[in-house]
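Look at the two complexes coming up: subunit A is in both, with subunit B in one and subunit C in the other.
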Partner chain A sequence: MKANNYISNYCVIENNSVILNSGREFELQNGSFSEFAKAAYKNFNMEYPKFFKMDNLSKLAFLGSEIILKELVNQEENNNIALVFANRSSSLDTDVKYQNSIADKDNYFPSPAVFVYTLPNICIGEISIKYKLQSENAFFVFEEFNAGFITNYANLLLETNKAEKVLCGWVECYQENYKAVVYLVEKQGHTEHNEETVNTLYNK
Partner chain B sequence: MKKNVYITDTNCVTPLGFDVVSNWDALLKGQSGIGLHEKLGMLESFYAAVIDSEQLDTAFSGISKDNHFTRLEKMLILALAPIIGQHKITNRTAFVFSTTKGNIRLLENENNPIEKAHLSALAKKISTFFGFVTEPIVVSNACVSGVLAIAVAKRMIQTGVYDNAFVLAGDEVSEFVLSGFNSFQAMSAMPCTPYDKERSGVTLGEATAAVYLTSDSDEVRQGDVKVVGDGAINDANHISGPSRTGEGLFRSIKSAFAESGLQTNVTDYISAHGTATLYNDEMEAIAFNRLGLQKVPVNSLKGYYGHTLGASGLLETVIAIESARKNQLIGSKGFSAMGVSQPIEVVAEKKAKEIKYFLKTASGFGGCNTAVLFEKVS
Partner chain C sequence: MEALKQELKSKIIEVLNLEDIAVEDINDNDALFGDGLGLDSIDALELIVLLDKEYGIKLTDPKDGKAIFESIETMSKYIAANRTK
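Here is the complex of A and B:
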């Protein structure tokens, strides 16, 4: 399949720092993921109190998406931006917390607010809600970052007119190990969208 | 010119039987896999559709004597084995695996390393057993996963990367999932009754299902089905409840028809999601009405199988394909009086019906929806 699509913007979040389109935008010297996420939220002037109800996977996916989309997307318009996300640990970060809440029968407190986050696609639901993206979405799990698959899938959505743009994301999060690589694929841009360029983003 | 993609082989493993034939016979007799079960975690008793472990072990021993598989893995292998034997696995064969929770029960033992509970580890184990050479593609998109996996397989074949694909789906009843749905107060005290006036929530179930998709028309026989369109569009409304207007489902179905070039009035049958929660069933009725599909026969199979989560979309597609092959609709078990505000044509009792085009739909947490449109090959 021939594809003439481009990566127009990207954001990489790891090691308590945020890179947006090759510039380091924000860094927190010390701190847990929770502290870093809160500091990044403030730094980028996000005004979205729902953020604080999210689990860590959703916070990570939300930060990466928000940093790219907030300047680009007019929420009043109908934006056909598909969301294609993937990771290694699914929702296990929250799954373990939920399992702990039901492990002890004398201290049993299953919470619907936690249980709902025991599905990895909830994080793309959160992004969809923020930007009113009534668009194609899918969440995949791979052992390792799979640039080939995500690239082909995104190109197909564009070529079959199922989406005008595709926001792709690798959002891995388990306990304090996390990494997000989020990028927007569209018809215009500087960087050609292919497996090699996508791998380059991941390995930056 | 886009490639045509067909489903030619199907199988399923459920409390009603370990192949399509036994499931079909049980459905025609109106048998349900849902039963009352005692004590799990803090639940004194609960209704669920659970596979008998002894029967499972007996059936599995016919395939492998290997004993290092989990219960879910045995269910998965048992579903895929019969259809894989007839086909050659190559480096252009995709393995698409749908699940929401996989081997989540491994978390019950704190000594298990977390990697064992990875969905990709489960996929790899199944993949290795059958000798797939491509990287497994795991779809984990809540309750639409099983039907989305069909769309993903078909789309990836259309990219030209693969010639064919095996799609496998499975989820197991666990304390994890039971307690979670219970905490949402989403569980029905009685076996679930989709679209019925008295419905009061979900009954959970477990199952596995498998299908083979191919772009090679030489492999296609009369009665097989072609995947003619699909859509998987988010409501962008709420993470734990569907859109009141059914917007995402409406758009998913529209997208499937747009791709097919067909009008919605060709639809002969809809195999819907029908979880029997108040909001889901109501939302579906609204979406179907907005599309002018309110006169099309519709059923939910949840009254037979419960909600099998990541398996449900694929399992219900396998049964819908059987309905199309036999031109026979299955009654929507548990339905007696209309319980949604918009009129829909719920199939109350099994009946003969010529089926050429049919829809499979699903909706789930995170606001996700998927619709796939099929055409029977004649």
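Here is the complex of A and C:
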């Protein structure tokens, strides 16, 4: 018989607001994603200057993860938290910016700092670096939010003892359209982890 | 030379997105890498691009970068001696 897994914490970021475990924790009335991300960073007292070097996809994934993990994880310990993330637009937001920076042959100065973010899984690398995670990680690209796949993948990691906890995330970002749904799955908690409850989180 | 140093500090802060650092926080002889400003390997590549884009200097041997990018002092001296724009 399969053991049940649970969603212990979740964070939803969209429309310049942050919801943590059903409570609205932060909101910026007006502003671009960059302005919102900077304001959220300061609101949650994150002290990690590398945040400002990240592209928007990584900033989005980092915010969602940090808001959940910073109170739960002791960075001095060996944390076996797997990361399973997905989105629709891959790294297209940064791909387009990079392409624009090299489009003019007379003004050809490719930026290494932009280029390094032209892969979507870089965002889970940023989270791994922050929390010194050497755990399982995967980034998938789907046409639409795929609760069934991510739920099965996370359960498999827990049931085969590949991870003690799994941080799952949908982190979609293209230009000013963005949405993050990040949640921690573990063996204890109140909300059962299944396709229906994950879809409920996404549709909040 | 003093104007070049100030300009360089300002450009480095902008290009490397050093959000919480101001021009006056950077001393001319502070180490740019390691314990100083704490720049990393990607930042080093951005500095090479900056030399090319802003001052027309192409670094052909990356090994030269270690001495050139030691501090604002060493960078500004190198730029003053080698700039083409």
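Some points to look at:
The rule is simple: the second predicted complex is superposed on the first by the 201 of 204 C-alpha atoms of A that agree within 3 Å, B and C clash if a C-alpha of one lies under 4 Å from a C-alpha of the other, contacts with A are read in each partner's own complex, and residues count from 1 in each chain.
Just so we're on the same page, a contact is a pair of C-beta atoms (placed from the backbone, for glycine too) under 8 Å apart; a residue touches a chain by one contact, two chains touch by 3 or more.
Just so we're clear, the structure is a prediction, and the values are computed from it rather than from any experiment.
After overlaying the two complexes on the shared chain, residue contacts for A:P49 are found with subunit C alone; subunit B is out of touch. Residue contacts after overlaying the shared chain place A:V116 against subunit B and subunit C alike. Put simply, more of the residues of subunit A are touched by B, taking subunit B and subunit C as the two choices.
Within the superposed three-chain model, A:S89 lies in touch with subunit B and out of touch with subunit C [touch as defined at top]. Comparing the two interfaces of subunit A, the one with subunit B and the one with subunit C have residues 110-112, 116 in common. Those residues of subunit A whose C-beta lies close enough to touch subunit C in the complex are 38, 49, 51-53, 109-113, 116.
Within the complex formed with subunit A, the subunit B residues making contact are 2, 41-42, 100-102, 104, 107-108, 114, 117-121, 123-124, 135, 137-142, 148, 152, 155-156, 158-161, 175-176, 179-180, 182-184, 231-240, 247-248, 251, 255, 259, 364-368. On the subunit C side of its complex with subunit A, the touching residues are 16-20, 38, 42-43, 45-46, 49, 52-53.
Remark: subunit A residues 1, 83, 88-90, 92, 95-96, 98-99, 102-103, 105, 108, 110-112, 115-116, 118-122, 124-126, 128-129, 131-143, 146, 148-149, 152-153, 155-157, 160, 162, 174 touch subunit B in the complex.
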